[in-house]
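First subunit A sits with subunit B, and in the next complex the same chain sits with subunit C.
And then the complex of A and B:
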């Protein structure tokens, strides 16, 4: 049954991908990428990767679609007609496809206990997590503690992306005037009663759910990346309903910049605290008297750091696009 | 009791599925934007309620049932709002409903 469902979903994925490539209208293409992400999340879920599925649904289908729409508002919504057939890309893609298909012949079957991935460090993580870290969600244990260095790298990728967007889009000289010059009432959906009432009703619950995902990450699917995407989705909804100005009044550009840097700094600070207290970089065991309690504290702080930076970066990107749109 | 619950949940699931299916056909076959949206919004509300109620009956009295009920309330609030916003945007963009008289 699951196999049938998986084949069905993968077929839909291929159809959606072809649709994205063939769509002439860029708005249609953006919507199809959102649908593609949702299907991808379902695929991840039937592969038992609930954490990844949650991230894909929140970031890919939710926030990324909004950001692409924001970008689309700055350009035309029609694809430029191609002048000639792009032979080189077609050849490259065909050769890569053949190579990937050839590589799958050597791939172990899904769920094969003899597969290399199940023989390497995975059994060690599964056996030692209850003793060393004692949280039910092994994914969070690996992500935040065992492979904390990788997560630090990921966080800095997001950090760099946020800074890059700020450099490209935001104009510091106009930023101050932008926030309050236009009347707050002119933008957003303030005159539309139904979306406004429902939006106001839902925003607090989205934020609450975001916090739940943030702090429940030790016990179930969730963590800083997902929570950051959910919380910024809540604020984006607020910005759409009440207007940019109101959203910037709640979380100003200055504060968002502080969040981007602050989260990354907090992560590094937790790592350095490990060194100062006599352990290694990002070794949480020394943070408290009891090594397991120290791990819990370290994982919580690190996840909070990730959540803060992700929220800051996503909202900065959103506001940069939206501000650009208002100016032009 | 078990049998009655199972039967009720299957009836709910099947009717819900039927509504989603009809809504899908309607979204493809209806003549213009507004009637298509009308058909699609059928799946949002009635289909959602029936399918989720069916799953709640399967879940029994548990945390899962409460979560499903929360999802149902969320969808019942957001989907009609989205449908309203979409139709309103179409009206603001001056998309006129089709006024074709069928020549038979």
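And then the complex of A and C:
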């Protein structure tokens, strides 16, 4: 039954992707991209990746759709029809598809426990996590502790992207003291009763759920990346319903900039605290008298750091696009 | 049924090349970026398909179920962070497209080239 549902979802995914490429109207393409992400999240869930499904649903279907729509509002929403039929791309793509499919016949079948990918470090992580770190969610344990170095790198990629968007879109003279006119965007949907009432009801619950995902990430699916995406989705909804001005009053540009840098600094500080206390960089065992308690503390702090930076970056990007919209 | 075990990988191949087609054949820059996200999602699907273990469950250890099989947590960690990095790079790309649109008044690649006199 699950197999059948999986095949159905994957087929739907292909149909949606082809629909996205064929859509001439970019608004349609963006909406289909949101649907595509939701289907992808369902596929991830079937494949036992609860954490990834949560992230994809919050980021792909939520934040990405809003950002793409923001970019459409600043550019044009209709694609010019192609002047000539592009034969070379079709041929290249078809041949490559066939070659990749031919290569898949050497792949282990889906769910094969003997596949090479399950033989090396993965069993070690599953066996040793209860003893060394003692939190149920192995994904969080690897993300924050075993491979904390990688996560630090990823966080700095996000940090850099946030700074890049600020450089490209924000006007330096306005940063920090962003004043907005009372235009349609600035007041949001305040004059529309139904979205306003429903939005106001939903926003606190989204934020609460985001905080739950943040601090329950050790025990269930969740963690800083998911929580950051959820909390910024909540604030973006607030900005859409109540207007930019109100959203920036709650979390100002200056504060968001502080969050971007503060989260990254907190992560590095936790790493350096490990060195100061006599361990290695990002070794949390020395943070408390008991190594396992130290791991818990370290993972909690690092996840909070990730959550703060991701929230800061995503909201900064959103506000940069929105502020640009009002100027032009 | 033997070949159904490869269906995920076939969908991966088709999605990968659908995204690739959008990137190389369309002239609209936003469409290219959307194609890039499809390409990216296909890679996510490849990784997550490999983590599945038959009869396994999400890698959250349940102490009251000894002997429970768990799917591989490692690809999930990689993709989890990659999704958030993906949105960060997408927004950077969109920011560049917005600046191009302001400078040239169009986001069609061939028109931009004409204006540059190539």
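Quick note on the criterion: the second predicted complex is superposed on the first by the 303 of 328 C-alpha atoms of A that agree within 3 Å, B and C clash if a C-alpha of one lies under 4 Å from a C-alpha of the other, contacts with A are read in each partner's own complex, and residues count from 1 in each chain.
Here is the rule we go by: a contact is a pair of C-beta atoms (placed from the backbone, for glycine too) under 8 Å apart; a residue touches a chain by one contact, two chains touch by 3 or more.
Keep in mind the model is a prediction, meaning the values are calculated, not measured.
With the C-alpha superposition on subunit A as described, subunit C and subunit B fit side by side in the combined arrangement. Of the two partner chains, subunit B is the only one that A:201 touches; subunit C does not reach it.
Once the two complexes are overlaid on the shared chain, A:80 sits against subunit C while remaining clear of subunit B. Contacts of A:29 after superposition: subunit C is touched, whereas subunit B is not reached. With both structures placed on the common chain, the touch criterion links A:283 to neither subunit B nor subunit C.
More residues of subunit A lie in contact with C than with the other chain of the pair subunit B and subunit C. Contacts of A:51 after superposition: subunit C is touched, whereas subunit B is not reached. Of the two partner chains placed around the shared chain by superposition, subunit B is the only one that A:192 touches, whereas subunit C remains out of contact. In the superposed model, the vertex angle subunit B-subunit A-subunit C (Cα centres) comes to 90 degrees (nearest 10).
In the superposition on chain A, A:142 makes contact with subunit C only, not with subunit B.
By the touch criterion defined above, A:303 reaches neither subunit B nor subunit C. Between subunit B and subunit C, the minimal CA-CA distance in the chain A superposition rounds to 17 Å. When both complexes are aligned on chain A by C-alpha atoms, no subunit A residue touches subunit B in the first and subunit C in the second. Those residues of subunit A lying in contact with subunit B across their complex are 189, 192, 194-195, 198-199, 201-202, 205. Residues of subunit B that touch subunit A in their complex: 74, 77-78, 81, 84-85, 88.
By the touch criterion stated above, subunit A contacts subunit C in their complex at residues 3, 6-7, 10-11, 13-14, 17-18, 20-21, 26, 29-30, 33, 36-37, 40, 43-44, 47-52, 55-56, 59-60, 63-64, 67-68, 70-72, 74-76, 79-80, 82-83, 86, 89-90, 92-94, 96-97, 100-101, 104-105, 107, 109-113, 115, 117-118, 121-122, 125-126, 129-130, 136-139, 142-143, 147, 150-151, 154, 157-158, 161-162, 164-165, 168-169, 219-221, 223, 225, 228-229, 310, 313-314, 317, 320-321, 324, 328. Every residue of subunit C that touches subunit A in the complex is listed here, in rising order: 2, 4-22, 24-28, 30-31, 34-35, 37-38, 41, 44-45, 48-63, 69-77, 79-92, 94-99, 101-102, 106-108, 110-111.
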